[in-house]
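Please go over the structures that come below.
Two complexes come next, and they have one chain in common, subunit A, joined by subunit B in the first and subunit C in the second.
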Partner chain A sequence: MAPKQRTSRVTRNPELIRGVRKHSRSQMYHKRGLWAIKAKNGGKFPHHEKKAAVAEAVAEKVSKFYPADDVKKPLSNTRKHKPTKLRASITPGTVLIILTGRFKGKRVVFLMQLSSGLLLVTGPFKINGVPVRRVNQAYVIATSTKVDISEVNADKFDDKYFAKQVEKKKKKGESEFFEAEKEDKSSLPVEKKDDQKAVDAALLKALEGVPDLKAYLGARFSLKSGMKPHELVF
Partner chain B sequence: MPFKRYVEIGRVALVNYGKEYGQLVVIVDVIDQNRALVDAPDMVRSQMNFKRLSLTDIKIDIKRVPKKKTLIAAMEAADVKGKWEKSSWGRKLIVQRRRASLNDFDRFKLMLAKIKKAGVVRQELAKLKKETAA
Partner chain C sequence: MVKGRQGERVRLYVRGTILGYKRSKSNQYPNTSLIQIEGVNSKEEVAWYQGKKMAYIYKAKVKQDGTHYRCIWGKVIRPHGNSGVVRAKFKSNLPPKSMGARVRVFMYPSNI
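The block that comes next holds the complex of A and B.
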């Protein structure tokens, strides 16, 4: 489609010298046609109706109580944080090497980034004992090995899923003290185990396709003699 | 011990320092005691100190400061690339480059292959030992 023909805008009131324009105020009133607008609107300029003034709250009763010190109210802050920028080398299906924590050295499959910025990751559990877990991008090396993750559905995991279970505290008497300690360790609820199995089932099928990949994920990464991390290609 | 590789026009050298590290270049002219004019098919002709060059066995037949086209033709005729890649020096460099570019997964597969090979070798050795012992 041909673009609309636009003649370059000519100013109605050109500048003769800096500070001096050609037409006076009343001449410009006429040129701009403000008289016609007024006539169209019945002798007045058209204008928006003013919004109803916010009704002043009924005068508050003067309080007898004043706080001892003037407490400063903090300024309101409506900034919302964005999730951490994901490194370009980390895409869904990338094999990551975890560097810290009890799973250090484990090679693990990346599923997705959660809204908090943490990475959702799974072993798979059967292969290396890493459950569906959150991991910080900073403590991870991204390898260039990718796994096909199109069949895996990780939608039911979000940050709330991983929140700690709050238990009601019960007051214990001295006699019950020793017994109660045994009950404290609760096993994983069955649903979480099933979620793990569901995610891993699809993932394991994808891993079958590549030879040695399962053994690779089962082995831990370690630096051997002669390996220079700054020269290694991951 | 006489020298075998001379600095001469047409000598192919390997750059061992600087931006063109690892590239093969041809000495096209000698500037003075320390520097040579050097040229390669994918490089702007420039000067280089001899200290940055390692001479190779390969020499091509060119006149002093040939045109780029002549140089490329002479390199094709002498098959510099082929000779280099067949030479033991050239093969070593290719292997080094391959090893450096290995992925973490590749290194793992390499480890498995080494273990497998060592296992097979050890089995054969055990067989031979049994035979000589018997």
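The block that comes next holds the complex of A and C.
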């Protein structure tokens, strides 16, 4: 059979609950079109001659462990999350106010939305100390101030860029246990610092044009006496 | 807690007062508390605050997680009456001594 490029097939017979499928045996016979295949083949199911049995190259490894009771196979779940919808007020170049975390109150520039739904944001670092960072939409207020971001290239960043560095664990012998357990905390690798500078360089040029914008981004937002958030226009 | 920056205190929450539990004349229902949010004076204004998280912060003698301060998280559920009072549910019910005490109503989860 000529191997065609097929997309992975969704099952024709979904599981309703564990152990119970939607269609019966005869219904599946009909759904799979076996009646049509048989009809094409003159009333019989087509079969090819058995090839010479391929020598069992590798003896199947007998499993050492069999569970005592039958282990139930978990239901397959093919549900996929939809990407988080970006609020209409948040467009690339919007100034956002971060509400929570280390940088609460800081005004930052929105770059783009990552595939995980989180927002990619930068201070710029020189102005308010916020590096290129991810932030959740719910913890952010969008202001109406927009910055021109056309010069900024943020393609380098994706969710994998921000993943934690996994260090290989080495099995320690007794003597090594007491020696130098702590490896010095890795400072930020130079590439990340350079990425930050690259993004900020382009951004800072755009910021120069607007009066007071740098000071605005450097200042933090705070509620003062008499300010009512539900009446504020951001 | 990183004390990297000193001095600049930003308030990103609205002050609120705990009025008491949801109640009728002679029965009270402690699973819902009533909160008066500063500056909110009508049912329509509460709409902005619905769903916002709030925290009741109190001090204790014993240090937990390295601090004397403890917190009960909750959120604004719905308005209560016509004058801006709000119903709130907390992770665990608020203690009775919290009546009249301060609660912080944050501006997240934000929708603007």
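Rule of thumb we're sticking to: the second predicted complex is superposed on the first by the 152 of 234 C-alpha atoms of A that agree within 3 Å, B and C clash if a C-alpha of one lies under 4 Å from a C-alpha of the other, contacts with A are read in each partner's own complex, and residues count from 1 in each chain.
Convention: a residue touches a chain if its C-beta (ideal position, glycine included) is under 8 Å from a C-beta of that chain, and two chains touch if they have at least 3 such contacts.
Here the structure is a predicted model, which is why all the values come from computation and not from measurement.
Chemist: Evaluate whether subunit B and subunit C can sit on subunit A together after superposition, giving fit or clash.
Modeler: Verdict on subunit A: subunit B and subunit C fit.
Chemist: Based on the superposed arrangement, let me know which partner A:D212 touches: subunit B (first), subunit C (second), both, or neither?
Modeler: In the superposition, A:D212 touches subunit B alone.
Chemist: Which partner chains sit in contact with A:S89 here, subunit B, subunit C, both or neither? Use first/second/both/neither.
Modeler: It touches subunit C, and subunit B stays clear.
Chemist: Once the shared chain is lined up, is A:S144 touching subunit B (first), subunit C (second), both, or neither of them?
Modeler: It touches subunit B, and subunit C stays clear.
Chemist: In the overlaid three-chain picture, which partner chain does A:F234 touch, first (subunit B) or second (subunit C), both, or neither?
Modeler: In the superposition, A:F234 touches subunit B and subunit C alike.
Chemist: Could you tell me if A:P14 is touching subunit B, subunit C, both of them or neither one (first, second, both, neither)?
Modeler: Neither: A:P14 stays clear of subunit B and subunit C.
Chemist: In the superposed arrangement, which partner chain does A:G43 touch: subunit B (first), subunit C (second), both, or neither?
Modeler: It touches nothing on subunit B or subunit C.
Chemist: When both complexes are superposed, which of subunit B and subunit C contacts more residues belonging to subunit A?
Modeler: C
Chemist: Once chain A of both complexes is superposed, is A:F221 in touch with subunit B (first), subunit C (second), both, or neither?
Modeler: both
Chemist: Determine the nearest approach in Å between the Cα atoms of subunit B and those of subunit C after overlaying the two structures.
Modeler: For subunit B and subunit C in the superposition, the minimum C-alpha gap reads 13 Å.
Chemist: Jot down the residues of subunit A that show up as touching in both complexes, subunit B in one and subunit C in the other.
Modeler: Subunit A residues touching both partners: 221, 231, 234.
Chemist: Across the complex, what residues on subunit C touch subunit A?
Modeler: The contact residues of subunit C facing subunit A are 2, 4, 8-14, 38-40, 45, 47-49, 106-112.
Chemist: For the complex, which residues does subunit A have touching subunit C?
Modeler: So the residues of subunit A touching subunit C come out as 87, 89, 99-100, 102, 104-105, 137-142, 220-224, 226, 228-231, 234.
Chemist: Taking the touch rule as given, give the residues of subunit A at its contact with subunit B in the complex, in rising order.
Modeler: Against subunit B, subunit A makes touches at 95, 97, 107, 143-145, 212-213, 215-216, 219, 221, 231-234.
Chemist: Once bound in the complex, which stretches of subunit B touch subunit A?
Modeler: 100-105, 108-109, 112
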